[in-house]
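Two complexes follow with chain A in common, the first pairing it with chain B and the second with chain C.
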Partner chain A sequence: MEWYQSEILWSLIKILVLFFLIITGAGYYTLMERKGAGYFQLRYGPNRAGIWGIFQPLADGIKFLLKQETLPKHVDVYLFLLAPAISVITAVLLWSTIPFTPLIDLPFEVLGKSQVALQVLNPGSGILLLFAISSLSVYGVMLAGWSSNNKYSLLGAVRSTAQMISYELSLSLSIIGVIMMAGHFDLYRIIEAQNENGWFFLSVPGFLGFFVFIVALFAETNRLPFDLAEAESELVVGFHTEYGAFKFALFFVAEYMNMITVSFLTVILFFGGWNIPFFLRDMVSGMWWGPLVGVLFFVFKAMFFMFLFIWVRWSLPRFRYDQLMNIGWKYLLPMALIQIFMAGIYLYLK
Partner chain B sequence: MNPDKDIKSTASVTEKEMPGVIKTGTLPDGRMTINLGPSHPATHGILENHVILDGEKIEECIPVIGYVHRTFEKMGEHYGYNQFLVCTDRMNYISTPMNNIGWILAVENMLGIEVPAKVTVIRMIMSELSRIIDHIISMGILGVDLGAFASFLYMFHKREEVYDIIDKLTGARLTNTFCRVGGLERDVYPEFVKDVKYFLKTFPKVLKENDKLLTKSRIFYERTKDAGKISAQRALEYGFTGPNLRAAGVNFDVRVDNPYMFYDQVKFDIPVGETGAVYDRFLVRVEEMQQSMGIIRQLIDNIPEGSYHADVPHVYLPEKNKVYTSMEDLIYHFKIIMQGIKIPRGQFYSSTEAANGELAFTIISRGEKSPWRLRVRRPCFWYYQAFPELVKGGFLADAIANMSSLNVIAGELDG
Partner chain C sequence: MITEIWPIIIQFLFGLGFAALILTAAHIIRPKRRKPADSHPETFECGIPFSGDARGMFNIQFYIVAMLFILFDIEAVFLYPWAVSFLKFKAIGSAGFVLVEMFVFLIILLLGYFYIIRKGALDWEDPE
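Showing the complex of A and B:
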């Protein structure tokens, strides 16, 4: 075996590339959000660091790194420090399960396979692992609120925990239709199934599932109109009131990482991943750069959802706590169940 | 009023005694207390509320007022009548011209001065413009507190235009000390009519956007339709006035019921709500802005020609260049500066409809250069007493919506 056939080497390369992508991605997503917010609100947004504020994320990062790290006296130190780490770790782990490219042919074999894809983890359980990791991310918020020893933080954490647990249920149920139609948990197979049968979004159960999924995602990522955990007008900033400097930056970055990941996930589950729509598909089939175009489409589709997060945030007011619970349990959950039932009928008719 | 006296905080419990206890100030029965203010993002000013929470629900709310109390009423007893104008600037500081006009009208009533029609028309236009900018703040902040930031900024752009008008007219943006006893400080600037007309032309568009973003938003409606309901009876008992009273269903407006300036000669409707809830207050304010624009439209083309002050040399300061050249003016200047405006003995009351409600001044004069006793009826102070009742039993988030939709201005509240 040659040195370049080593699995470790390839994994390391993939990890480095993807880690770099998510870090810069999250950085530039914050810029996109601020620019977007600026345009929504008739102002410019950041435009001082470089042209169009292109270096703003860099400047922000340096600022957060160089700020004085403060540790309030009344906190539970270990949990206080652990919480942002949990948030970031789960966010990065989530990212590692997303497949970005179809399998690309290699001129040599790595561990008996001659194909490779830009994905760090490819577990057989696929999407199940993804949801398992995403459930863990609530610990970051919860521990932050608990260990901060601050009433606003505590209220924020309690809200957030209740919210994430109730919406996790709808979120997981909403993709069962997709899994039934694809017949597999594996994200590759889900995309492949859409390559053959068209996007799941266009089928009836898929459409319903998508609706539940996207609403639950907003709750899951703590974004407006579900950003009760950090409702700044009520709870100052909720669970991270006591955090400053880089510890705050970790929460901040984790939120944006999560949003990027779930945008990609939405595309994978309902919009055919790197599937190229319509006539373009025939044009690129068989070309060596075909997969590249697919990846471009993948990113553009995901960027639409990333923009959707911004769009919704700056347009809608926030829900109240009881309304949030009502929507979760009384509307989304039954809809998700109906969607599973419909997926069954869909498969039976097929 | 201080709840800390009755509340035994568990903060004295050490971590060893009760491991894992979050040492926040909880009541002995386990309910949590939380402070909304004095420095809290939702209070928009220095207000303090001790809130006792049961979960997310508010069981008790104890407001503590007086953080920005500046003893304006006492100061009024030492200042001259024109000097106190500066204090009225700092009461409701988001619609300053209205406060100024309220005070000036009170003094002019006492002196029995008839100002030229031009002055009154300009004052009415400024009055309605400041009603609009006041409502912009109240509605916009309500949106911000509910998480909808955009419509606030859309409207704030237009508010800046009004501020530009005020700036050009008076020389200051916020504390503009508009008017003097007996007229205006200076003549209106040449493009005044054009500027106001431009605002009237463009503002309805922004209101329409606001309608789409907030009024017709399902989330906004669900959030606000039940928050802070109050019956007309109860509102009257608390002494509500202005938009908050009208939202509760009482058709009362000083401009109509006790007309001053030319309000009996312009046509406008008074919007009246039903439930007194946050949504009704919001709708009443939106409609009032439309009506205010209607009033300005009727006036802006009919500004009469004439002097910008009444011919009352013993009250109104003469022009500076005349002071140096003319004997009479020098004497009047000296007398006004040194002795102030003399007001006959007696008790006087005058009220105007400010943006938040009935703004009234009671002046007891002993014929000196300043009032012997001055009392200001600040609308905010009267309706803020209802705040604990409005938020009791509601959610924490509703309390915030209530505070911004009542339009509690700390400066006006504390006086």
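Showing the complex of A and C:
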């Protein structure tokens, strides 16, 4: 066997390529957020580092690296250092099951196959694995708050944990309609099912499920209007109050990487992934660059959701904590259950 | 198509390596010449001196939410295999039976849900 036919090597290459894309994406997502914030508030946003602030993410990174490093006195050192690592590891693991491209024809053979998809692993239970990993990210937040031994951190962490597990319930129930229609946990096949039957968003259970899903997603990623974890006006910044320099940057990067991943996930589950709409599909079918056009559509659809995160953040005020819990348990959860009822009846009659 | 799950180990090691590398790099590169002020590593409490320990008591409601989460999450897990095989049941013509089964399950779930609501387990203090 030739050396380049090793499966480990090829999955490492995929991981490296995706990592490079996503970490760059996360960097420029922060720029987009700050630019967006600027324009929403009628100011320019960062515009000093390069034209349109294009080197701002780089400048931020260097700044983080060159910051003085302090270990606060009263912390549990190991847990304190472990917490940002857990956050970033779960963020990295989260995109392992996302298929970023369809199967693309290669001019040469790799491992006896001439087609390859940019997806690190494709287990039959993709979406289950994804939710399992995403629920692990609670540990990063909780350990950070606990080990800091700071009142603001602990309050933020406890609030955030309760919020994340409450909304995780609605999140996992809201995709049952999609799973029923696709008949698979496999993300690749969920997209293929939408290729045949149209976007799940346009069907009755998918439509309802989408709204529960997107609200729960905002709460899961700790974004406004649900950013009770880091309510600046009352808790400083919540669970990462004691973190500085690159330890903070890891939380920051993990948050933005998570947002990119869930944007792609939303498109996969409800908006048909790399499906090409309308007549365009017939135009590109059979061409070798057809899948690449699909990927372009995929990225644009995902970018809309990335923008939605920013849009909502600078348009809505924050909820109060009791309102947050009421929304999660008394409105979203029944809505998710109704969506299951409807999905059952819809598929039965269809 | 790769169907096994082993690449996730590589992915995990990659994430771990990235976190370890970046924390070590930040540790090596950080400026060392000037010593921080003595008060610098104190626990942050908005400028006033740190008092007591942070790990006190907090609202019992958080524990209740955690317990309810486990209960309902298990129900959600039961729904998954049903959802994924619904179309297969429909193909062999027993969709109606499976649907009624799940409605019975969901109605029992809803009974429990209304019980918690009535008990006030999900009522948070309204500051108004």
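Basically, the second predicted complex is superposed on the first by the 337 of 350 C-alpha atoms of A that agree within 3 Å, B and C clash if a C-alpha of one lies under 4 Å from a C-alpha of the other, contacts with A are read in each partner's own complex, and residues count from 1 in each chain.
Please note the rule applied: contacts are C-beta pairs under 8 Å (C-beta built on N, C-alpha and C of every residue); 3 or more make two chains touch, one makes a residue touch a chain.
The shown structure was predicted, so the numbers you read here are calculated from the model rather than taken from an experiment.
Novice: One more residue to check, A:247. First (chain B), second (chain C), both or neither?
Specialist: second
Novice: With the two complexes superposed on chain A, say which partner A:224 touches: chain B (first), chain C (second), both, or neither.
Specialist: Only chain B is touched by A:224; chain C is not.
Novice: A:165 in the overlay: touching chain B, chain C, both, or neither? Say first, second, both or neither.
Specialist: A:165: touches chain C, not chain B.
Novice: Examine A:267 and indicate which partner it touches, taking first as chain B and second as chain C; both and neither are also allowed.
Specialist: neither
Novice: Would you sort A:31 into first (chain B), second (chain C), both or neither based on which partner it touches?
Specialist: neither
Novice: Counting only touches as set out at the top, which of chain B and chain C does A:138 meet: first, second, both, neither?
Specialist: So A:138 meets neither chain B nor chain C here.
Novice: Quick check for you: in the superposed arrangement, does A:212 touch first (chain B), second (chain C), both or neither?
Specialist: neither
Novice: Go through the superposed model and pick first if A:320 touches only chain B, second if only chain C, both, or neither.
Specialist: Both partners.
Novice: Chain A residues in contact: does chain B have more, or chain C?
Specialist: Of chain B and chain C, more residues of chain A lie in contact with C.
Novice: Contact-wise, after the overlay, does A:118 reach chain B, chain C, both or neither (first, second, both, neither)?
Specialist: Touch partners of A:118: none, neither chain B nor chain C.
Novice: Please write out, lowest number first, the residues of chain A touched by both chain B and chain C across the two complexes.
Specialist: 74, 146, 149-152, 154-155, 236, 320-322
Novice: Taking the touch rule as given, give the residues of chain A at its contact with chain B in the complex, in rising order.
Specialist: Checking each residue of chain A against chain B gives 37, 40-43, 74, 146, 149-152, 154-155, 159, 224-225, 227, 231-234, 236, 314-323.
Novice: Spell out the part of chain B that touches chain A in their complex, as residue ranges.
Specialist: Result: residues 22-25, 32, 34, 40-42, 56, 143-150, 153-154, 157, 213-214, 217, 219-220, 222-223, 395-398, 400 of chain B touch chain A.
Novice: For a test of understanding, state which residues of chain C touch chain A in their complex under the given definition.
Specialist: Chain C residues touching chain A: 1-8, 10-12, 14-16, 18-20, 22-23, 25-27, 29-31, 36, 40-46, 50, 53-55, 58, 62, 65-66, 69, 72-73, 76, 79-80, 83-88, 90, 95-96, 99, 102-103, 106, 109-110, 113, 117, 122, 124-127.
Novice: Can you list the residues on chain A that touch chain C in the complex?
Specialist: 7-8, 11-12, 15, 19, 64-74, 81, 84-85, 88-93, 96, 103, 117, 120-124, 128-129, 146, 148-155, 158, 161-162, 165-166, 168-169, 172-173, 176, 179-181, 183-185, 188, 236, 241-242, 245-247, 249-250, 320-322, 325-326, 329-330, 333-334, 337, 340-341, 343-345, 347-348
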